[in-house]
Every structure is written in C-alpha cells, then in structure tokens.
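Note that subunit A is present in both complexes that follow, paired respectively with subunit B and with subunit C.
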Partner chain A sequence: MTTQKHDFAAPVQIEELAPAARLSLRVRPDHRAVLADALGLDLPARIGDRAASDGREALCLGPDEWLILAPEAADLIAAAAAVYPTAPHSLTEISDREITLHLSGPSVLDLLATCCPRDVGALAVGRGCRTVFDSATVTLWRDGPAVFRMDVWRSFLPHVRNLMALAEAELATGL
Partner chain B sequence: MSRYRIPGHGRVDHGAPVSFIFDGKTYQGLRGDTVASALLANGVHLMGRSFKYHRPRGTVTAGSEEPNALIGTSRGPGRFEPNTRATVQELRKGLVTESQNKWPRLSFDIGAINDRAYMLFSAGFYYKTFMWPKSFWDKVYEPFIRSAAGLGKSPTENDPDRYAARYLHTDLLIVGGGPAGIASALVAAKSGARVVLVDENPEMGGALLSDPSVMIDGAPAWEWLDTSLTELRAAGVRLMTRTTAIGYYHQNFVGLCERLTDHLDTPPADAPRERMWRVRADQVVLAQGALEKPLVFDGNDRPGVMLAGSAQTYLNRYGVRVGDNPAVLTCHDSAYHAAFDLADAGSRIAAIIDTRRDVRPDLTDAAAQRGIRVMQGHTATGTKGRLRIKSVRVNPVQDDAVGKPVEIACDALLMSGGWTPSLHLFSHTKGSLAWDADSNTFLPDRRTEACQIAGAGRGLWGFGPVLEDGVNAGLAAIEALSRSGNPRDLPVQNDRLGTGVSHTELPTDLSAGKAKAFVDFQNDVTAKDLRLAVREGMRSIEHVKRYTTNGMATDQGKMSNINGLMIAADALAKQPPQVGLTTFRPPYTPTSFGAFAGYLRGQTFQLTRTTPIDPWAEANGAVFEPVAQWRRGWYFPKPGEDMHAAVARECRATRASVGIFDASTLGKIEVAGPDAVEFMNRMYTNPWTKLAPGRCRYGLLLGEDGFIRDDGVIGRLSSDLFHVTTTTGGAARVLNMMEDYLQTEWPDLNVWLTSTTEQWATVALNGPNALALLKPLVEGVDWDDFPHMSVAECSVAGLPARLFRLSFTGEVGFEVNVPARHGLALWTALIEAGKPYDICPYGTEAMHVLRAEKGYIIVGQDTDGTVTPQDAGLDWAIGKAKPDFVGKRSLSRPDIVAKGRKQLVGLLTEDGSKLEEGAQIVLDPNQPLPMKMVGHVTSSYDSAALGHPIAMAVIEGGHDRMGEVVHIPMPDGVRRARITSTVFYDPTGERLKA
Partner chain C sequence: MLLIHCPYCDETLPELEFAYAGEAHIARPVDPSALSDEEWRDFLFIRTNARGTHFERWRHIHGCARFFNAARDTVTDRFLVTYKAGESRPDLTVKESAE
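Up next, the complex of A and B:
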C-alpha cells in the first residue's frame, strides 16, 4: 500500500498512500441522520470529529460538510442516491482530487510545525481538520500521537513534498 | 595570555583557545568569547570607522545594541556578512573578520578628511549641499551619495545557507532570560502551563551574568542561575538561547529569530543557519531589561569610551579588563559597581567622575576603601587620544558654572547616563507609553495585548525588586491563563540597588558649537546637529530624526533615542512627552533576509502546480509558461524550430487534422442539488432552465458591476447536476464568489458546490479528424444524439469519463475528462490512437492563436475588469427574460448603456505587420501631443490559417466603426489598421458541423 520503505530510525517517515474512494458530502443538518443511515456511517456533528465503521470513515469539516473515505465509492453513491428525494444533498466523488500522505515518527509534530500555522499538537488523536501546509490547503487526520494522514490536492503535492524534504534534512541534523 | 584577560575569571572556557583573524592579523580568544571581548582581551579597542566622519571607533557596548563595532565576517565562500556586530558574533575556529568603512586601513583612513570638514556635514547637509546646480544631481551628487552611503560591502554571491521556519504555540512566552524572566518562568512552570523562555544571548541569565557577587535565595548568583535553569528544564520549560524576539504583532503573535550555526566551528551539513519562529502565545511576559545610556560630551566617541555596565560585562562574563586605568563618568549609581569590580580585578580606577553633587555615602565609602578618587559635581568636557583615549578633561560644576579643567589620564572611560527600559516589543503592539518625570524616561502604560511587563523593562532597578516583579508577572500571566500558582520568595543579598539623574549634553566651559558630542554614534549625529535641526524649524521628534538621521542607524536608536529626545525637548523648551518618541518598528535587532525568507527560496520559493500530463510534456520537450499557479506547456518545438515556427506548425496541424491539448488546469466546479438550476440562473448571465441534461452551454459570469469576471462551458449532467468549467486562473475566485452568494444571499437554496478541478484530468481534441480518432475509443455515447455542445458520462479508452463536445478552436472539438490518476494514460492512449492522423500536441500559445482566429475572448486578456458583455460582443449570452442574475442591474446603468464605451473589435494592419499587445490606439496620428488614446490592442498573433497577423482591440465606440482605419503609434512609426469583426476564420462556423 505504500510507495516508500520504512526507516524507523528516521525522525519522520513520509509515505504516499495508495488511492481509495474519497467523497465530499454536503447536506443540511436536519437530513444528516438520513444520510448517516443510508451510508451506514455515523456523521458526527462537531467539526473535527470523526467516525468509522466497516472501513468507512467520516470527518466533519463544516456544519453541513463531511469528508467520507471508503474502499469503493459506487456503493455509497448508490445508497445516497436512493435517499436523495427525501434528503437532498451533494455527494461528489473527489477520490483523485487529493493524494494522501502518511506521516509518522518522533519528530512528526516538528515536521508539521515547519509549514502549518495551526497548533497541530492540540489536535486530539482521532480528530481531523482542514488547514494549510505553506500555501497548500490540506486535510489533516491525527491517527496517533505521532501518526497523521495528510490529504493534499494533487497538483500541490510536489511543493509540499519539496518542503517536507527540506524539513526532513533539517530534522536529521538535530538542530 | 594577554594581561587584560584574568585567568579563571568569567564564563569563557580558559582551557579552550580559539584563534581568529581580524583585519588580516591572527588573534587568540577563548571559547565563549565574542569577537569584541576577544579583541578587548588583546588590548584592541579600535574596531571600526564611523559612517559620516570616518572617526575611529571602538566598542561601546557588550550586547546587541552595539552601534560602533560593526565588522565584516566570513564563514567561507559565499558566506560573507557585512555589519555583523562584534559584540554579538561568537568566536569560532577560523572566523575571519574585518573592519569596515576605512581606506586604506583602519588606523589611517583617508575618509577621515570628512571629520575635518564636519561643518559641511551638519544636520540636513543632504538637503543643503546637493541642491544646486540642479544639473549636478544625476551626474555628480547622486553617484557621490550612493557611493558614500551604506556601511560595509554587500555580499556579491547568492547565500548558500539554509534557513528554516517553525510555528510554535504556547501558553506563555517569556522574552528575556534575565532575573525577571527566569523568576516569571519559575512560578509559571509550576502551574502546568506550556512555557517558552527566550533570550538573544548564548546563555540565559541576563544581568546576572555580569553581576556574580549578588546572592539570591542564599546562593551566589551563578549557582542560583544553574539551579533555576535545571528546575525549568525539569518542568518542561522550553529554553531558547541565541533567539531574538524581533517583533510583536497582533494577537500575541511574536516573531523569534534563532541563530543555529554561526557559533559552530563545523556546522552539520544541511543544518539551517537561522530559524524564524512564528509564535502564538496566550500570554506574553516582556522581561527585556534596560539599556544603558551614553553620556553626551565632546569626544565621547573615542575608542576606549564605553558604557560602564558593558565594561562590567566584559569583566565578569568574559574575564576581560577593558583597561589598566579606566576612569568612570556617571550620573547613576550603577557605574560604581563596574568601577569596584574592575578595581577588585586589578585595574587602577583613575577616578569616578560623578555629575551629581550628592552621592550615597556607602558608595563613596566603598570607593574610598579601594583608594578610588570620587569627583562629585563634575562634568567631562573633552577627551584626548587619536586611536584610543588617553585622557579625559574634567571640570567642577558649581551653580551651573563650569570651573577650571583638569586632565585625568586613563586608557578607558566608562560612562553611564542611566538606564532606558527596553520598550521596543511593547511599542510594536502600539501599547501606549507614559513619561515618568522622576526617572526621566518613558515607561509602558496601557497594554493592547495579553502581556505583562516585568523588571528593568518597566523601570525597576536592583535584583531584589526585579525578581519580585518577575514572580508577580508570572503569577499574573498564569492567572490570566486560568491557572493558579504560588508566590515565590527570592531574597537577595549584596543587591546592587541604585538611582541616578538624567542629562542632556554635559555642561562645558568650551564652545558648545564646536563640541563633537555624539548622540547617535553610528550615524555621527551630535547634540549640535539636533539643536540645529530645531533652530531650522523641526518641531516633531519624527522630523528631527529624519533631518539629522538620529536613531536611523542599525541600532535603531537604542543608544540615541532618549538622549536625542532630551536634547530636542530642551532646545524646544518643552517637556519630552510633548515632543514625543519616535516609533519603534520590528525587527528589534538587524535580522538576515534569509531568516525572513525561510524555506521560500529556490525550488520552494513559490508553489508551482503541474497537471498529471505534465511529465509527458516535459519528456517531449515542451517549453513551459506560468499560468496563474500552474506551469503549462507553451509550445512543443521540434529540433531546429523556434517558437514562431512551432506555434505555426501546431496551429496548421490542428486545423488540418487533429491537435491534442492538456486542458487539465481549467477550473471545475460541481454544482449539485435540487436548486442547482436556479442557482445557475442567478449566477450566470445565461438561461439554464431549458438546457437539457446532456447538453452544454457557454456561460458568462459578471460581477455586481456588470463587468465580465469569468467564462467557461458548463454541462448539465442531470436535472440537478452541473459540471461548471472556469478559466484556469479563475477557479478559486469563482468558487469563492459562488460560495459567498450562496452563504450570504441565498442560504435558502438547496445547492452545494464542490471543487473538482483536480478530480479530473482534461484532454482537448480539436480538428477535422477529432471525431474519427475518438469514436472507436468511446463507449456509452449515442453519436446520433451528440451534436456540438453535448456532454455525456461514458468511457474513453476504457477509462471512466465525462466527455464534452465543444470547441475553443472553431474545429470539431472534444474535451475528455477522466479521473486525474488516469490523465497520463488517457493522453498516451489518444496520442497512440492519433498517430494515423498525425496527431499534434499543441501548447497554450497555439490555443491562444486558434481561439483568436475565431474571436473567442480570454477573460483577463481581452477583458480587463471594465468590459461588459455588450462591450465584448457577447450580448447573445444574456438571458434577457431572466428576472435577475449577478450584474444584471448594472447593465442598465447610464454609463454602461452610453455610447462611446470601449468595445472589442478585430484589427487588421494595412501593411500586414503584427501589432504589439498593449499598444495604444489613436484616431488621428497628426493630433498634437498628448494624443487622445481611444483604446489598446488586447491580443495579437500571426495566423497561419489566414496567412497574415490578426489582432483584437478595445476601441471607443468600436462596434460602430467597422471598416474605419485607426492608428497605432509605435517607436518605429505609426501603423494603420482597419477595424473588423473579431471572427477572422470560418465566420459561418461550417467547420464545427462535421
């Protein structure tokens, strides 16, 4: 699933994850439960909260906005379409819009702090947020104390990777 | 070992000699030295020449406020830095340094002739000397000023170092690691708050490092310091040394510059030289301490004259006596301790000259015990010595009368004019200052940010009061953080309490008009200059500053501002607060450009976006151009082709057979929901209700002002779903505009917007063979019902696709959208399938030519934000029956419907030459200058299809001038051009109907 070898001695490990289905769900709060039922996935109401079941994940990004991850998109799209007449919404596939980086290692917070103005350390494990890395909009998922996923818009990825390479070299010097 | 270095004394490592070079000569210093302390240890006081008069200068201070001892430092090839402060630069192996602003050498400098001619260089001399004759400005005066201006040599090579950046969030940031800051940190750390303590010095301790004899909490100062720092580290406080808080911005945002490698003998490869920290702190404690003021008297700039507190620092921190028989000149008690420490260390104090008549008896007693003569109620009126002070001229003052002088021999003169609280960061916040008449200084008053000010930074003196204040500031900060803490008693013994008075120039029996009594050392501003500025009409301190350049040197007035203000206020016969204080601006101390740039240089200077097809373009020799944030293939030259030939070939091939183009950068927005069509009707000028699913339409987007903002082809995929395309540069702007209307104007609409620009890779096929090429690759399209301006979800080359039939070239055209990961696969499949048709990849330049031949506009090139649909000839795109759309009302404004607006037309030159884009157009080339310009050329290309150049232009009343000749004056003559339709090629659109 990954494109790079592990180097567990390194201050950080940066890996590109293989693509999975990613969808943007927009629905008014009063229809949230209908969509949650249809998708078989809780849709948390608090921004930054996440839910997961059966390999599907949801991250609340706004009062009417969720990011949904799943192994496949087709089932979700069909299930949502079935409730569209009663619970109008937008479920747009954006699987290819972003590429996801898996970031881990003892210095991962320092890596993020090089270019992310947000207090990433204060993001609780199991939550997520939309933020920026330098000039790129990214979605950050904190999966563990030192484990993150970062969704980066495809065309911004080379810039983000170049910056991360500079930060990696810097972290390796210990200064 | 030099006799000026006291073995075993100070915080330097006496077992670790470090050699370095100053002006070509090798010197020995110790690990822990600065260049200044090492030179002083070698008896070298002369370190530079002043800016204007080239006067010999030595170090005045021992810290970052140093105005004089600026040197060039080199850390190897490409690593030369001018204006490094010798008092800050730590010694490291092989450091090469040089003095500045001298020729041919530091000890004999031709430029010092300026010193003799000082009458020419008085305040405002720029404005007086260089005024006439006017013709001299360009050839004589400006080159002279330019060559004379600036200190040091600019580096000539690119900076090879890396610079880093980091964001940091903390509950409490404490600026200044002296006693107040440490005391704050000690109480705050116990509360569990995240605490960061920063100091610009290589080690924490501040004034404690210069005053080891003080006892705190029962321990000698340095032992207490060690214990306290250990306690802070154990409590998780982040201690950052060599880190200067350079600026204090809104909402407790503080910039820190951390110096990482300049002090290292061999920095690790890839290590950044400096790191800029952008700190967001809930609370800030400013514990920056105070800066000692020089005294203003004739000859106060001679090498060997320095601040008393700095001499004490050189002694106690670096183990260096700044002289064998220094004299002390003071109006503050603190200088006595410098004298006592030096006397105890073996220097013979020539005298303590105190301007005050009354001095605390314990101080005079302590002086007497050491055999030091104290001259109370005296002034200094001059110094002697060419490159180093030899004597000071001292006179008694009685009832404002200056008595007879005596000469006191000395090899250093330690002065203290009292202490100025360091208000810089507080002033960055626009916190207000209050004048304290008792201490003759400004103190922090009303705060605008969540900060506390502690210690000498708010005018307190003595370690006891400062420590107590630090504790209180720490407690106040954690209370503001809704945490609790306990007070901490930090009793002090052997404290060095003190007070003082304040002066303008010291009184003299000599002509004040001839005194070179310096206020700003680096810029050579004297007290006389300041008084002259006032006499010549400067009333505000801001004007005085600019007229005299007082406070405009690299020390930013740290030495000179208060003395300058006191003198200007005296000259104006006003109270200092009525004259005001100049504004402190970031950065606090000089900061490298590299630190500000951080990672944003070279490859990471700016974001460059590339499409999934970009690797193919690069491998196939594309020449790229930047378009918005993207890099796009501009043209694909074959061997031997220039741009002109390549573009002409690409255009010909497309019109002859088929061309392929990477259109992935086009903005794409998915508009979905039951109210999608209503939303589209309101946003775009066009009517959408009757557009059937499976069809597309050109959409035009206006601002409220009725001017064209964006355009693009929009496909209706179902009754509730539109696939909107925008211009490449407009994608984010259009989505923001749509969201703005949706959220603020029409929150009732059930419609949602999602950016899908990067979900899709888009490949355009255009040309008479486009359909033949594509057809065999497509599944799921009913070709009998897929005319021009259709859209279908289908598969292309086995990939899921959204297929648009549309044209931006006037040829049969398609845009194939596939999920971005498949973009390159689609492209190569189409290239492969196109081989029988001699498929030709074309770039953005050919795309521009092909669309211009058809008169299709490019928003932002043929429009400039003042072009309406009518102006652009796009009236047909307006849904006239619609009740409203963004910009509709503006289209009926009187000035919008008036005659004579600039309108988009075609232009063909009579001589067949190509016009220049941006060229101005006139109706009568023989009219007198300045001519009335009626418009300009917006697009201009050589057209291979037509065999001659074509152009588009906006011209006043252009639509009513069809066939008229206009004139385009160019440097090589006036061109004549005839106004035509913008549709140059295939005006009836036959070629679209394949």
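Up next, the complex of A and C:
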C-alpha cells in the first residue's frame, strides 16, 4: 500500500498520521461546564459537534461522552483530576487504541461509501461522528469537503486498509 | 435496509449502526430473593412475542453507543417511534389520532 502523497491526480490519498494523545471523557451534563473550564476546551453538547483551541480538539460522541485530542495528555489529566471532587468524571487515556488515517482526494466520499452504510456526504464540514466501516467501529472527522480523518482501532487497521486498497484500485480504473 | 431514528443523535441512520437488545420495559424485581422459581423464570425468559406493535430496546452501538427504546411493528418491520431510555412507554393511540 503506497501513500500517494504527491500524486494529485489520484482519486484518493490515504496516509497514516503520527500518533497524538487521545482521551475519552465521560461526564454527566451537569458537570460538563466544570470540565470544559478545567480543560480549557469547549465541550459541545450536541452529538457530532466539535471544538478546538490551542491544538486541542473535542468531539461530542454521546450525551455524556467526548473524545479529546491533544499534543500531550499529562496536562489535561492533571487539570481534570484537580476538579474531580466537585465534578466526578472518567478521563481515560486511549492514545494507543487507534491509528488515525488522513483521507483526501476528489473520490474520498466514494471510497467511504464503499464500506460506511450512513450517508457520509451529509456529515457537515467541521463535524464528526462515530460510525462503522464494514464491521469496524471508526470515528470520522470531516475537515473539508474532501478531507477526512478516520480513527480506526489498531487491530482492525489491516482489514480496513485492505478494503480501502480494493476500493482505491476500482476508483483508479474509473469504476 | 431499515432506517432507525436515534433519539440521542436526533438523526435517522442505517440499521447497520444499531444492535437489537430485547424487549423494553422489563423491570428488575426489587427483591429478587423473595421471588418464586416460576416468577424468576418469567422475569428472565418469558417475553411478549407480540404480533404487531412491540416495545423493544435498541443500542446505537456504532454511534453514540446509547441504549434507547423503540416501538416497532413486528409484521411490517415499521418503526412507529423511538424514545430515550428511562422515558415511559408512549401512548401510540394519541399519536395516531393526531396524524
């Protein structure tokens, strides 16, 4: 599987991104604002909405669940621990759980449509969702009309990459 | 493919993102040790098996991951309504007469 980074004629480009810190936050809605303050990051209440500041990103995955990305996890963990007595929550580092793929190119929606049952085109730019790719749970971040990030649980990655390679070959032949 | 409305995501999404999770509104006995064997069996295993409207639990497993309830017609497979976990069984006759 080659990364066609500079081949702008390619229908899709798939790259693995460098590892970054990833955290799973579970907190009840009453204490959401306290955690948002402590983390210095807005925690949007609507599922699929995202927030970003200082290189940190949050994606609302469920009514009491957020996925947080950051360059480093230690500061966030310490900041959250400091407010634990007033705002009970669970903040778990899951950096190693997933590998993030950067997907782009004019046929990226076709590539995703081969294995995602939901209408990925309906996901607005700047939003995200947890969904399924073939049988693997993935998190999709739509960064541009034809730019996505996809977090894939690492043990599913070979399966996902194989399916993508097949789809990529079909797209390249103009199918 | 069935399309299911998730009451938490407030989106109508393909069935493949969801998992079925049995009949809804089965309350766990307050004092299990006071139950006879027959009552415990009924709680664990005996279900409605409705022909028609069935209240059941679903989970948006590949999505918000939340459990919620749905009323589905077991004959037509049509979802009549979905609602959040913890909410009481909706009165479907009111809904029908309003339509």
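Everything that follows uses one rule, which is that the second predicted complex is superposed on the first by the 170 of 175 C-alpha atoms of A that agree within 3 Å, B and C clash if a C-alpha of one lies under 4 Å from a C-alpha of the other, contacts with A are read in each partner's own complex, and residues count from 1 in each chain.
Basically, a contact is a pair of C-beta atoms (placed from the backbone, for glycine too) under 8 Å apart; a residue touches a chain by one contact, two chains touch by 3 or more.
Note that the structure is predicted; figures quoted are calculated from it, not measured.
Undergrad: Looking at the overlay, does A:170 come into contact with subunit B only (first), subunit C only (second), both, or neither?
TA: In the superposed model, A:170 contacts subunit B only, not subunit C.
Undergrad: For A:129 in the superposed arrangement: first (subunit B), second (subunit C), both or neither?
TA: second
Undergrad: In the superposed arrangement, which partner chain does A:117 touch: subunit B (first), subunit C (second), both, or neither?
TA: A:117: touches subunit B and subunit C.
Undergrad: For A:71, is the partner it touches subunit B (first), subunit C (second), both, or none of the two (neither)?
TA: In the superposed model, A:71 contacts neither subunit B nor subunit C.
Undergrad: A:48 contacts which: subunit B (first), subunit C (second), both, neither?
TA: In the superposed model, A:48 contacts subunit C only, not subunit B.
Undergrad: A:90 contacts which: subunit B (first), subunit C (second), both, neither?
TA: first
Undergrad: Contacts for A:40 in the overlay, against subunit B (first) and subunit C (second): which applies, first, second, both or neither?
TA: After superposition on chain A, A:40 lies in contact with neither partner.
Undergrad: Of all the subunit A residues, which ones make contact with subunit B and with subunit C?
TA: 117-118
Undergrad: Quick one: in the complex, what on subunit A touches subunit C?
TA: 47-48, 61-63, 65, 117-118, 129-132, 137
Undergrad: Residues of subunit B touching subunit A in their complex?
TA: On the subunit B side, the touching residues are 162, 164-169, 260-261, 267-272, 278, 280, 599-600, 603-604, 606-612, 630, 670, 672-674, 720, 750-760, 819-821.
Undergrad: Applying the document's contact rule, which stretches of subunit A touch subunit B when the two form their complex?
TA: Result: residues 19, 24, 26, 28, 64, 88-90, 92-98, 110, 113-119, 121-122, 134-136, 153-156, 158-159, 162-163, 166-167, 169-170, 172-175 of subunit A touch subunit B.
Undergrad: List the residues on subunit C that touch subunit A in their complex, please.
TA: 1, 8-10, 13-17, 61-66
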